[in-house]
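The data blocks that follow each hold one structure.
The following pair of complexes shares a single chain, chain A, combined with chain B in the former and chain C in the latter.
Showing the complex of A and B:
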């Protein structure tokens, strides 16, 4: 379709069309575009959280490129003589000096630095809430489990990109963070010392850590993330986006706006809004004022030294953990006070990562799902998610225990003990409370379906009784409130086989049945209104 | 001339010269020294001690004992020096209002003259660090950068990078140093109040104390410059994280809801 002699004879096609034709003849983009550009995207604000992450990631990359033009990833010592007077004559690494230069002598440098850092905080926060959106709506279910893992990897890599990034200026705060990491590595039995020597190219801090972190931060991790991100988005396209239940929405369709032009226009506008918010934050509020912190020196340390928020839970783990130490025969020390947190750290993350697989195993649900769950209709999952968040928050509080102590006039020991106990207790309480709230909401849904919405209009009946008029719901609303299925728990199978012989039920299966009862058994759902009940009540036998 | 040059070598010449020199210095001293003060000081001093003793008996003796020897409610003040009193009373820490983890600073109830009298009385109980003079603690012309380096080495572990304060164990804390009077900073270093170690001149000479004061004045006072915009209290990543979540992500969500609500109406086709 690239050349047509007939067209040549009459008139030249417009230039744009010719270019498109040229490209299509070689790249075959037309058919690709045809199918994808009309792809439908449902509209819901919570579906835009992933976009916030995407746009802040783009902003981070753009500003990061600018910063690499001026940043010197070197630990060789120089004496500072730039514009920031309170640092005059101080010996510091070139990395720190160049960050001071970016802040005070490079045009727009400070603003770009602040955009880069604020965007990083927002990026991880956006990923976090995006992940929670996907979690609570059950969007991770088949066929999206792999995409859930891609997303999870992006979150973890984002954490480490952030960590390596804020370590680069080699200031006293981030240097303390690197020291913290060194301590954690050293606590690994047997290989800890070797690992540390390998990473730092000798004794801490050495001269290699900043150049190495630099390559990891600007090349390795962003490269992997970019690849994962593209894969993530391709999968979103391929699976098509999920949608909330509603009239006309089925497991087989997507109701919304086409990608082009509507969604693209919105997305483009949204990018600039995100950029605008981050730029405004960065123009108005200081972040990581490294000039006030001083260059890193191994003999200096400051109180109130915390990592960025996404690393805060690891700080909390360390601060809450008692400083246990075991000396093994032969004089080998096990620094449990550091090693245990180091082991719990990946567990916290893994707990959320593997959840989709556990849920599908426990519930035996292997079907595809494209309609999202309303969180209340899955009290156990919602409870688990809320418990995990509360757990994470408890650890964040632990990470800032000193600041909480000072600002709320508490004893830091009390805060630490609170965190230690809360680490075990709060998730359980939150789970129970969340589950109950979900059940309460389910009850209300059932009520609404059967008796309609409370209208706020009070009517006096002939015999004097006052009643509130309930308005019946529309068909659409009824559909939304009743479309969900209520599953039965899996059974481990009968105790005896058809011949009456006691069957051997494998342990795993028993466990699975038990967990499944936990998910869908008693007290996990309020039976939704059945059509019969509905008919009976709406046919006038109801109490009003 | 000849006579003088001959006597110059006289055995007693050296003695005579010495006598002359002594007389000259003595005379010079008498001429230049503030004569009235030399006489009046002991008198004023003892008056101040008298007054201080009275103030002490009213405000402090209940805890520190009538002779400053200490009780179960307060430590001995023998040998703490006038600097400690000037600091403790000047920052309002003393008189202590109620026992607690740490004596907090609060509005000071004594005039400077009364504080000086209290200080004089306590100083008379035993020698200790002396209240510094203005030229000792004035940060004028001190080396800010060096002060920063010293502060990070000696003070940041309790007071934070820029003196924002920090928590110690069991509810004790190193306070925020914003806008603390230079004199009180100097005295804090001299006397090491409560859980703070003292930094006497052998450890941290006068010049270095001035550098630290100058540094604090630059980075942690009401008119410190914050080139990056509002400093969010200067507490670092914890406040930054809270801020990114509430205002950063909060704004994003508001914007997302706004954008999502502005949907194109689907055309019937």
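Showing the complex of A and C:
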């Protein structure tokens, strides 16, 4: 009997279900779907920045695979006889010639090249802004520190994948970038010349660097990035997404809409939006027109040579650094003018990467945090982030010092000197200004909570006084503006113990207490409104 | 959007009067005035209560998907219709490839409309009721942790790795050493530097060949105010190692009135005011090529290092660390400019062994 009913059931089950059953028996998909199919994702516009990065990465892979079908990563010299008439008879590497072919002989090849390059720029920009979103809202706090590092590594690897990628066409501009890299490598003390010989397979430029960059660009770096990306996404699922404070949102829940159907449609649809916009950009705005630049020749250069934007800050470092060079006893040269920028470059990036660990050490906070901070409620962190961005922008200006000089009719020397000074001064000023703005916003929040929202309605009182009517806030708003925690600085412990004997406080403890005072001590926060203050004002003399 | 439909489509419970009592945000004086009021009640969209609005959304979504299909057809049509070399003028982007322009825009529209349709569908027709999911701490319960630690200790004890130190130490040794094979394999990535960066193709008697005309230069070819690029005689553009050789040997020649030359050695190494310097910037190796006739300054367009050619090409601005090397030149018996030897110092960027 039971066998027939089972057979009946099997016949009745729709085809999709039978396929799912088959897969479940082998892959266990039902248990996976049980927790994830209706997984809740909170909604906020800033949460889509990471999605832009993810989707542009997918676009880059799709278009990149297409490009490998036509690109020839070879530095063998050929004479060009393709469709682009102005280059006829000119000697060039096969890499450059095949890039011309992709642009002029493969139908749609130019479009795919343009989409690939545009998507790369968008990818890096989206990762950068996404990283800043995570930074300013404190989304990097426990349990997400490791995922912050994964994201940071993706950003750094993305920069190098971009650099190796735009070097591949072997055009005059990108070859100049590779030469710059060679000069930077040569400046490394002791082993610089060896590293250069090994990378280029001999003297610059040799015949090996393009094929080597090709395997780094299409295999090594994207492979690592794909792994990191998957790990990044698994952790996002595992930790569940952070959410902004608000009514009904706690550290123990996640409020939003389910993956199926809302986020399937929204996030899936968003992939097509990003792809569509990048495709339209590629149709409308030409990027990296290598046919206008000409093939690379080691003795030629064009003016206004610029790297892609994400490499601009390293360009700024190398342009602003004074040309210090020391010849050590024994006949060894220390090219500080190049080596110092080469070392500052990773330090700039590391400065932002290590911040979450410094903050967690300074706060001594071991709890999980799933409710995001409003940036104003963390003035020191927000100030540090803004200072870092300003530092980055100063270097970016330095990287384009010739363009600034030309477009704003300034002396190149003046722009360079501005960058040299601003490198040290601007972050400090930005830190101070940002912190003050945060404190001002905290004061405004406090006023809003205690006195209500300025309604813009002016009322005339019987005795002639004019007052503005303040509307009390809803409980949701009151909760949102007061839910944050205000920390107290850590203490290093008393200098003397209970017996009056001088106690030895470890230096690390002292430093930690000092940093903690800097983060949460005096002048770092405005006391938020307390329920008592609120009750007194709202019950007592009415509000205006 | 503005039309909400007549009242008969709207069920009673959705009317504002019925909903106002659900949650009016009043604060009980006794409790904490800042307490979390909990999730606000769901606010209905027009599509939730008005079927006509929902139908309109449905039509909008279907229209977007249809436009996408049409755009894909247009993409294929463009691929077939436009020859690859056809250039058209499109305001305001200018002259563009007709094929690239039409393929990109049709692909863009086809993709964008799928996305816009899906997002519009999600925003207007799928349920927008916010739901709360629980979170659980990431770290394990103490019992779980205790079990894992016990398992680990048992496993470690059974392996005896702690007790049999000889096994442990030799294993670490073997694992540490085996990657060395991989490092050794990298040795043939390139040759050793030796003195490769110290020498160029220049040597005594080599003629200075004009890069543009491919003819040997005579002193009278170089006039005051002109900038000439030269390569060593015998280095042809189609030579196998042309790029690597020109990367070191590229030469920049100018003529300066001898009385304007401030540096004594520069004057000695010149011929009638004709001086030859390495074209490769001593900063990171870009070809220096912007020449200011009046001051005889040259500027590297990459990082703006500026060199004074009247004063031994010393650095007067920018990030370069030392002067451009000068090539000693003279005139041979046939009246052509020739090198009187190689550069006496390495050209291009500084490196550790440079001295």
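Everything that follows uses one rule, which is that the second predicted complex is superposed on the first by the 530 of 544 C-alpha atoms of A that agree within 3 Å, B and C clash if a C-alpha of one lies under 4 Å from a C-alpha of the other, contacts with A are read in each partner's own complex, and residues count from 1 in each chain.
The criterion applied here is as follows: contacts are C-beta pairs under 8 Å (C-beta built on N, C-alpha and C of every residue); 3 or more make two chains touch, one makes a residue touch a chain.
In this text, all values refer to a predicted model and were calculated from it rather than measured experimentally.
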| item | value |
| --- | --- |
| Which superposed partner A:28 touches (first chain B, second chain C, both, neither) | neither |
| Greater chain A contact set [chain C / chain B] | C |
| Touching partner for A:346 - first (chain B), second (chain C), both, neither | neither |
| Chain B versus chain C as contact partner of A:534, first or second or both or neither | second |
| First, second, both or neither for A:114, with chain B first and chain C second | both |
| Chain B versus chain C as contact partner of A:299, first or second or both or neither | both |
| Contacts of A:440 with chain B and chain C, given as first, second, both or neither | neither |
| Partner chain(s) touched by A:266 [first = chain B, second = chain C, both, neither] | both |
| Chain B versus chain C as contact partner of A:248, first or second or both or neither | second |
| First (chain B), second (chain C), both or neither touched by A:506 | neither |
| Residues of chain A contacting chain B in one complex and chain C in the other | 104, 110, 114, 257, 262, 266, 269-270, 273-274, 277-278, 281-286, 297, 299-305, 401-402, 412-413 |
| Footprint of chain C on chain A - complex, ascending | 39-40, 77, 83, 91, 104-105, 107-108, 110-111, 114-115, 143, 176, 179-180, 182-184, 186-194, 196-206, 208, 238-240, 247-248, 250-258, 261-263, 265-266, 268-286, 296-305, 318-325, 327, 331-338, 368, 370, 401-402, 412-413, 416, 449, 474-476, 478-479, 482-483, 529, 531, 534-535, 538-539 |
| Sites on chain C touched by chain A in the complex | 25-27, 29, 32-40, 79, 84-85, 93, 96-97, 99-105, 107-119, 121-123, 126-135, 137-139, 186, 189-193, 196-197, 211, 229, 231, 237-238, 242-244, 246-248, 250, 279-280, 283-287, 289-290, 301-305, 315, 317-322, 348-355 |
| Touch list for chain B against partner chain A, complex | 101, 143-146, 148-149, 152-153, 156-162, 164-171, 173-174, 215, 218-219, 226-232, 234-245, 247-249, 251-253, 255-257, 259-264, 266 |
| Chain B contact footprint on chain A (complex, rising order) | 43-49, 51-52, 85-90, 103-104, 110, 114, 118, 121-122, 125-126, 129, 172-173, 257, 262, 266, 269-270, 273-274, 277-278, 281-289, 291-294, 297, 299-310, 312, 399-403, 405-406, 409-414 |
